[in-house]
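The structures come next, written out as structure tokens.
Shared between the two complexes below is chain A, which has chain B as its partner in the first and chain C in the second.
What follows is the complex of A and B.
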């Protein structure tokens, strides 16, 4: 099965951090990135996330495919924003520096370019952080982390169970698909789209039925081993918080506060080079 | 000594059912005992297990009368969680009950739920993993384990709770024979070293008896019909009457007309006293005579130099050659993961071989698509739930024809004909959901049969079926093999199946063809049986101990004798109607 965006064990200080720490860092990082349109802050954040991305020894093959997908999505996003509101930048920055006309009402302005540049920067502040979080956090420890920051262990365990059974359901899916293809249900591109949609039902129903059986077993097995007995539970894989964790969390909080103060210093979340 | 389990006049009725599933159960089990519970499907043995582990009444509700005490307490007072501290259950589905993302987490699951501190948890997990021999697998994900290893992890997962009783629900159902043998060994070791009370629910009696059990409880129709020692039980006829398969050597002795008494200690063929029986067995062997060999027919499926790998340098199949003749019933056997399913995937065209060719009626089928192959070679999956996609029986069986644009009139005719062959005609307008598991299996076979294939490949056709349903399905397959001339290939690790119903077995081990011979030759050859994770049949031991050199011939004649017996029974049944 594909190893894309899945956890890989490596010896770095980032891997050694607790999942809780990484989760808190990631959430705060996203908050800053989402709120701030301050180009200076965003550039610092990009540099920083690239540095820690490098330190986490994440390899291109682990994230490459997803990175390309994100890039495609980013491109669509940028184009769509321009098509739908070509003067958003002018509105925000309050000036209008026309560069060149494109077609009809569409005129490229420096403000719009700058606004969309900031948008792209935001993507790039989050992408390395998100990749790094996913490939350096042991999924079982992640469940423990969710629980640690106050989320019900049911949710944490649901995530863990999903990760556990996805490969099983995938292999069920392949088996069922093959058997139905042999019965003559065409799933390849030879069949028309409508027919393919129809034939999906020939796979979905058996898949649902066999998954239902599985759910029955899983829930019995969990209950027989005391799941849900207490309001709390402990975790085999939880990592106790160490000095590095506290330092990282402290850094994340301070960084957020400072970044937001700088961003809002002039009363707006946009850094405005046009006035 | 105080009993650890005590049923008194105990009855249970599921809320949704009219009749009680358990009636007037009186059963006492003492600490440290090892008890085997046998019974056909629907006899109530699973219900009994649910009563013991607390799923009844906490997950499945119903009416209880009489009393049940476990370790002196009433399960209703303890609750399902309280029960899980006394009795640990290992379920039959080795995959489904594996909850953790890795072995260590799965073992620790019960401890986590009990809020045990992490360092204690780590020590305890190590300790239990040591007992069941999975210590070096602690970091592995379930996908990297074999069925036997997963089962051992499940054992560890309930043993961390220091339970007094271990309950095994059909522990052999998903294992190949050799792995099953190892599981029985492990259970025996746990009982002896850890001093636990062991309850095993299983219908594969002979395999469980590989190691001593103290008592066997036979359940039939919701009642206890026998509660006695193995030696005592094997010298009676209760098992046969209840539709449970006796050990083969016992059946053979009975066919030879021997009267088995408990003093002969019939629990193990290796140590049974055969002194009074040897002569009788020998003369029976002479009298039965040989089965006529099937006439050689032309080739229907030929595989030449087949090689396949999913990843480079990790060959799954290497240089496979065989030739299946028209009208044969062939089994493909070998341990789990040996490449059996891959072979059927290649034949059906789901994957392309790296090198080598497959011929159908001497024609290379490599240019044929999956769909085109599907018209000649039908594939029946292990569970009918994996195939059935229409709510109505008629539509399900008609599906293959409908997508091939066969005219409606013809569809109707062919579906009705097929349903008649499969004994499903009376149900033709029923919804699939109203059928039993065995009937659904027939529907899934019918939906393949309707396309008039030349070959049907079945993946584990009898997995999880008791003797009665096993016989029903296999006799049905034999009938379509005979009457319609369809070649049948079965992927299985059921040794009874290969012995009783196939003319030939193709043995795959570690991706290579290990043997292609009659099942009786394979199952009496210790070296091959071991390599393929099979087990040599107890008939071999019986033959040898009675001084019969041709063990394979003895096995063949036994099967032939049984076949004739079934035929006679069939005739007398139809004659009396």
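What follows is the complex of A and C.
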């Protein structure tokens, strides 16, 4: 099974923040990083997220495996963009500075390099923030704090159920897979496409049906305990928002506004060094 | 929607999302770079067809965002939203399918597949590329090509695996629902 990111308890101020604070920070952070193509802003964001990443005492072994996978995806995407539109950068920045020809119609331009560099930077602004959000947020506390900020507790509870059951479903999946492999089902790339779909369904069928049973069991159990009888519910892991939470939220909002003002200062989301 | 949003739907969202996320790691390559058949899409289609558009939409949204986050450490938002479109598109016909009651026959298989093809085309050839261009300023021909392959992959896997799941489950359901339930 591939390594996935999960919560680990540690004593830092980031861990002590409420889950909702971190969610708000993460969403606003994503918004800025999605909208802005301003290289200066992106570099500041990367430096800042690396600093708080360090402060959260997250270790390489918690995130390393996933990080390598992200890099692979990033590489593929960057290459695909170049192959399919080698002149996207030229179109965006409006100038054309040829550096060297590659093959046939492909000529490397400074604009394209700069455009793709920005794309890579955008990735790097999100990655540390996403890692941190996942490894420092306690799922139960997160569900409780979602409800605190006015989101229906049904949604909060569904999120907490999802986080609670991911490891269970994964272990079911591994068990079923091993059982089917023991019975001689070929899962590797040696099998033909149709056969692979067949062998995948040999795993998915039992997995879905056992999950459907689980949905029945869990919802009956919840019904017996009176879930949903009242408009409100209390949470064992609930934590009130503290001063640090408000400060962080305020900082994220101010940061977003300032970053977007700087980005759109010259009327476009792209920072253009070529004119 | 005839059914109200109850405990079962809450649990279905929770466990459905967990299933969707857990299945993120199975991807069947079909020989076109960066394009895979994703069995998790069949599961999404199945859950949407059983539990309706709200469950389908939320499982798509939450499942894709969480799956991206946990496995790849970043979220590609312009592909998260179309996932919800697929879930909702298939889910609106849930009452017609009556999968749990054992009513998923030939006519329903056709409706299910027509709905999934339309939902996938809207999601991956309209919504996803447009969001890619608006949000990420990606090159136009790249995003439409990617979208077209994604739609193709999803239509194939939902068409085969999704249909089989629904047919299989409706057969089990038929027996248990021959008893009438008091609410």
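By our rule, the second predicted complex is superposed on the first by the 230 of 275 C-alpha atoms of A that agree within 3 Å, B and C clash if a C-alpha of one lies under 4 Å from a C-alpha of the other, contacts with A are read in each partner's own complex, and residues count from 1 in each chain.
The definition used in the following text is that a residue touches a chain if its C-beta (ideal position, glycine included) is under 8 Å from a C-beta of that chain, and two chains touch if they have at least 3 such contacts.
Since the model is a prediction, treat every value here as computed from it, not as a measurement.
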Which superposed partner A:49 touches (first chain B, second chain C, both, neither)
neither
May I ask you to decide whether A:227 touches chain B, chain C, both, or neither, giving the answer as first, second, both or neither?
both
Using the superposition on chain A described above, determine whether A:185 touches chain B (first), chain C (second), both, or neither.
first
Which holds for A:127: it touches chain B only (first), chain C only (second), both, or neither?
second
Between chain B and chain C, point out the one touching more chain A residues.
C
Looking at the overlay, does A:145 come into contact with chain B only (first), chain C only (second), both, or neither?
neither
Once chain A of both complexes is superposed, is A:36 in touch with chain B (first), chain C (second), both, or neither?
neither
Just chain B (first), just chain C (second), both, or neither: which does A:201 touch?
both
Check whether A:76 is in contact with chain B, with chain C, with both or with neither, and answer first, second, both or neither.
second
First (chain B), second (chain C), both or neither touched by A:237
first
After overlaying the two complexes on chain A, where does the chain B footprint on chain A coincide with the chain C footprint?
160-161, 163-164, 168, 201, 203-205, 209, 214, 218, 222-223, 227-228
Going by the contact rule set out above, which residues of chain B touch chain A in the complex?
53-55, 58-59, 80-81, 84, 88-89, 91, 93, 95-102, 104-105, 108-118, 121-122, 125, 142-143, 157-158, 161, 345, 348-350, 370-371, 373-375, 377-379, 381, 383, 385-390, 399-400, 403-404, 447-448, 451
Sites on chain C touched by chain A in the complex
5-8, 10-19, 21-23, 25-26, 28-30, 33-34, 37, 39, 42-43, 46, 50, 58, 62-63, 66, 69-75, 77, 135-142, 145-146, 157, 160-161, 164-165, 168-169, 172
Footprint of chain B on chain A - complex, ascending
139-140, 160-161, 163-164, 167-168, 172, 175-176, 178-186, 201-206, 209-210, 213-214, 217-218, 220-230, 232-238, 240
Touching chain C in the complex, chain A uses residues 1-2, 4-6, 30, 34-35, 37, 63, 66-67, 69-70, 73, 76, 80-81, 84-85, 88, 92, 119, 122-123, 126-127, 130-131, 133-134, 154-155, 157-166, 168-170, 173, 189, 193, 196-197, 200-201, 203-205, 207-209, 211-212, 214-216, 218-219, 222-223, 227-228, 269-270
